[in-house]
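Single-structure report; data block below.
To keep things simple, chains are lettered A, B, C and D as they appear, and every chain counts its residues starting from 1.
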Amino acid sequence: MLEELKSAVCEANRALVPAGLVRLTWGNVSGIDREAGLWCIKPSGVDYEALRPQDMVVLDLEGRVVEGAHNPSSDTKTHLHFYRSFAAIGGVTHTHSPRATAFAQACQELPCFGTTHADHFHGPVPLARMLTPEEVAADYEHHTGVVIVERFHELGLDPLAMPAVLQAGHAPFTFGKSPMDSVKNSIALEMCAQMALDALRLNAALEAIPDHLRDKHFLRKHGPGAYYGQPPL
Amino acid sequence: MLEELKSAVCEANRALVPAGLVRLTWGNVSGIDREAGLWCIKPSGVDYEALRPQDMVVLDLEGRVVEGAHNPSSDTKTHLHFYRSFAAIGGVTHTHSPRATAFAQACQELPCFGTTHADHFHGPVPLARMLTPEEVAADYEHHTGVVIVERFHELGLDPLAMPAVLQAGHAPFTFGKSPMDSVKNSIALEMCAQMALDALRLNAALEAIPDHLRDKHFLRKHGPGAYYGQPPL
Amino acid sequence: MLEELKSAVCEANRALVPAGLVRLTWGNVSGIDREAGLWCIKPSGVDYEALRPQDMVVLDLEGRVVEGAHNPSSDTKTHLHFYRSFAAIGGVTHTHSPRATAFAQACQELPCFGTTHADHFHGPVPLARMLTPEEVAADYEHHTGVVIVERFHELGLDPLAMPAVLQAGHAPFTFGKSPMDSVKNSIALEMCAQMALDALRLNAALEAIPDHLRDKHFLRKHGPGAYYGQPPL
Amino acid sequence: MLEELKSAVCEANRALVPAGLVRLTWGNVSGIDREAGLWCIKPSGVDYEALRPQDMVVLDLEGRVVEGAHNPSSDTKTHLHFYRSFAAIGGVTHTHSPRATAFAQACQELPCFGTTHADHFHGPVPLARMLTPEEVAADYEHHTGVVIVERFHELGLDPLAMPAVLQAGHAPFTFGKSPMDSVKNSIALEMCAQMALDALRLNAALEAIPDHLRDKHFLRKHGPGAYYGQPPL
């Protein structure tokens, strides 16, 4: 079942450690087959280098496991809520990559300080609030998704134009058209956070780049007028 | 004698350099067989990549070498005091990993600034004081252990719920259920210290995450209600 | 056509990731054959490790593609303007290497804080201004080149004595006598930016080294009195 | 001639890049055979991975090349002055390792902030002044050595108890009993500089560790009472 998707999700999970995004088992990637109405995710607490496609856990959009011998990631309900809320996304990555996590811990959004950022994220990467004690007690992972989706709705954000979020006190999540696309956005986010930390060191009052420059770089790569890369095969 | 333990301790020592925790010969891991009442540790000043299980030095709980052709680690008496004082630990790792050591040198505990920290350490990682001239002169390595154990008692800490400590002016030690588990806690500590350094750069007045979030993350992974990972085989 | 140049440009592009200058597809190198009046550049959005010499896109000095099955880099018009304006350069590298990009984002030139810098860059690495909305709308990549060349003319700079520039809000470009020489200048620039970030952390009021030291180091390696390295074969 | 020494110097030079101390050709190691009164050094501007023992340049203590087809390192006269002035040293390493160089560029000595430092350097790593225009003009590399040796004499330092120095505006040099020993001191220096940068970020008014702790760590590893490591074979 879903062999292609399981392979893609496995490959995307295995890319996390070589990309420098993950230590130990601190991250997970999922992907969805919208036609089948099924998605799959990394099993919980398993080392990346041992992962095989058949180890992926397949779930439906009610969160029921429909295939797989392992427990799914402890963050499964968060991913589920993203797939139910954001119809356009095809993959989700969660890491604790250190510089993006530093912004999350400092409870600060990541401003768009340069074109590297604008190439991937069409504005500041938003901060989602911490959960209340009641939300944590009731269903921590589900409410993590709820709070993030609410934040996107408040700000009127499209998760493919803003495929990243920082949860206060926790860490980043990124979205993508595919599992590997969401991993690439995690790489971009971590690099932009690193550049921002150093740029703020040089100028603590630094402001975002102007809109015309931000829009130019985002729209070179995204949307109907994009001209970056090669035409689809 | 203790073939399994010597292999586990050897493997854990050899993991230090690839994990980015150690340069030159700046670190050592030990492990204990509680039933046998024996433990073993890296030989002093030997390169990691040349280590073989038979090079490990086996000692009893009086600190006497019972097997091994090499001098044990110069930090042997510190490890010994931990095994005598903390009945639940199965492994100890000592490194000079740079960001954790920066906190130790700055004589600051490491606050719990996020869920990455809370996943591993149930509260701030404590700081143990520097030794006095008298303690250094009398028995430096033994008193290093004494001062750390005293600090755990003062704070009422369980070394498996708080498996790390920073010694002022020196460096970190971590504990674990096994030798490799203590290495993993050293990896987690170094990453949390890196994140904390950058989060403090963004907000010098940053405070710890609230207790309900800290407890949720720690207890997802530890104790009777844990649901992270796979069931034991 | 231009087999040697295509191989050299391919090799220089493939060197970007191992050198730690580039993540994803954030960089490109080009090179020119002045006698043929032709130059070539990386294809847009293609992974580096898959690049072969025959994938390079060959253009003339009017910017017309004369050979190659792929779209050239989206930054092609910027490179073209450099080759038309700077007769002595043989290669151009563009990256978003993180510390150099932090200076660009902070809108600061990179002062000559030490001999490492002076060995490669004969003075402060200049900052070129951001483009206006009109320039972006008219032809973004062409005007990027125009603004940088204007800055070199304003400051009276020779692009082989100052083979680097930071564009405000964007990232660095470097020049060289050959494609690989421009990559080496990108490596030097990134390291000098890293050293400068840390040196400024230690002394926020740090000033450039005196001229006699700067000149000595630059002229040890460059020009008729150079005595660094081996005589040409 | 001097096959063993040339092999040791070659191996020590080749260790610089994997140790993360050197980019491009920014470093060199030399070693001496005191009985023969001859020493050898890396050829200038040659890549490390291509180095073979027979490429090393052999010189006498007057600085005359006695064997070797290449130009010696441009820093040869600096090394020569160290061998003439410090009878106990057997190897010298020069790098532009980034954190140690940041201290040199900031014109600050490196205080002894912890036991990692004290294990290798018996006190603060000294700063040597910049050369005057006259010294640069007369003989830059020779006077670099002169200024450093004068600084050691002023401070009454033994180059094996303080096997490192930072030259203002330039970079570090380290000493050792052998070529590889001097490389290890460069590794230790770079790590101590990294830890110091981060410790100072946490506490800008941080002071050196007390003498009793510094002395204990240094003397555990050095001198007649040392007990670190294994007995000589």
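The working rule: a contact is a pair of C-beta atoms (placed from the backbone, for glycine too) under 8 Å apart; a residue touches a chain by one contact, two chains touch by 3 or more.
Remember, predicted model here, so these are calculated numbers, not experimental data.
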Contacts common to subunit A and subunit C (chain labels): none
Contact-graph distance - origin subunit B, target subunit C: 2
Centroid comparison with subunit D (C-alpha atoms), farthest chain: A
Angle of the C-alpha superposing rotation, subunit C to subunit D, to the nearest 5 degrees: 90
Proportion of interface numbers common to subunit B and subunit D (over half same, under half different): different
Chain centre separation (subunit A, subunit B; CA means) in Å: 32
Distance between the centres, which are taken as Cα means, of subunit D and subunit A, whole angstrom: 46
Touching two or more other chains - residue numbers and ranges from subunit B: 201
Chain pairs in mutual contact under the definition given at the outset: A-B, A-C, B-D, C-D
Touching residues on subunit C, where the partner in the complex is subunit D: 113-116, 119, 184, 187-188, 191, 194-196, 198-199, 201-203, 206, 209-210, 212-213, 216, 220, 227-231
Complex contact set, residues of subunit A against subunit B: 23-26, 43-46, 70-71, 74, 96, 98-99, 101-108, 130-133, 136-137, 140, 169-171, 197, 200-201
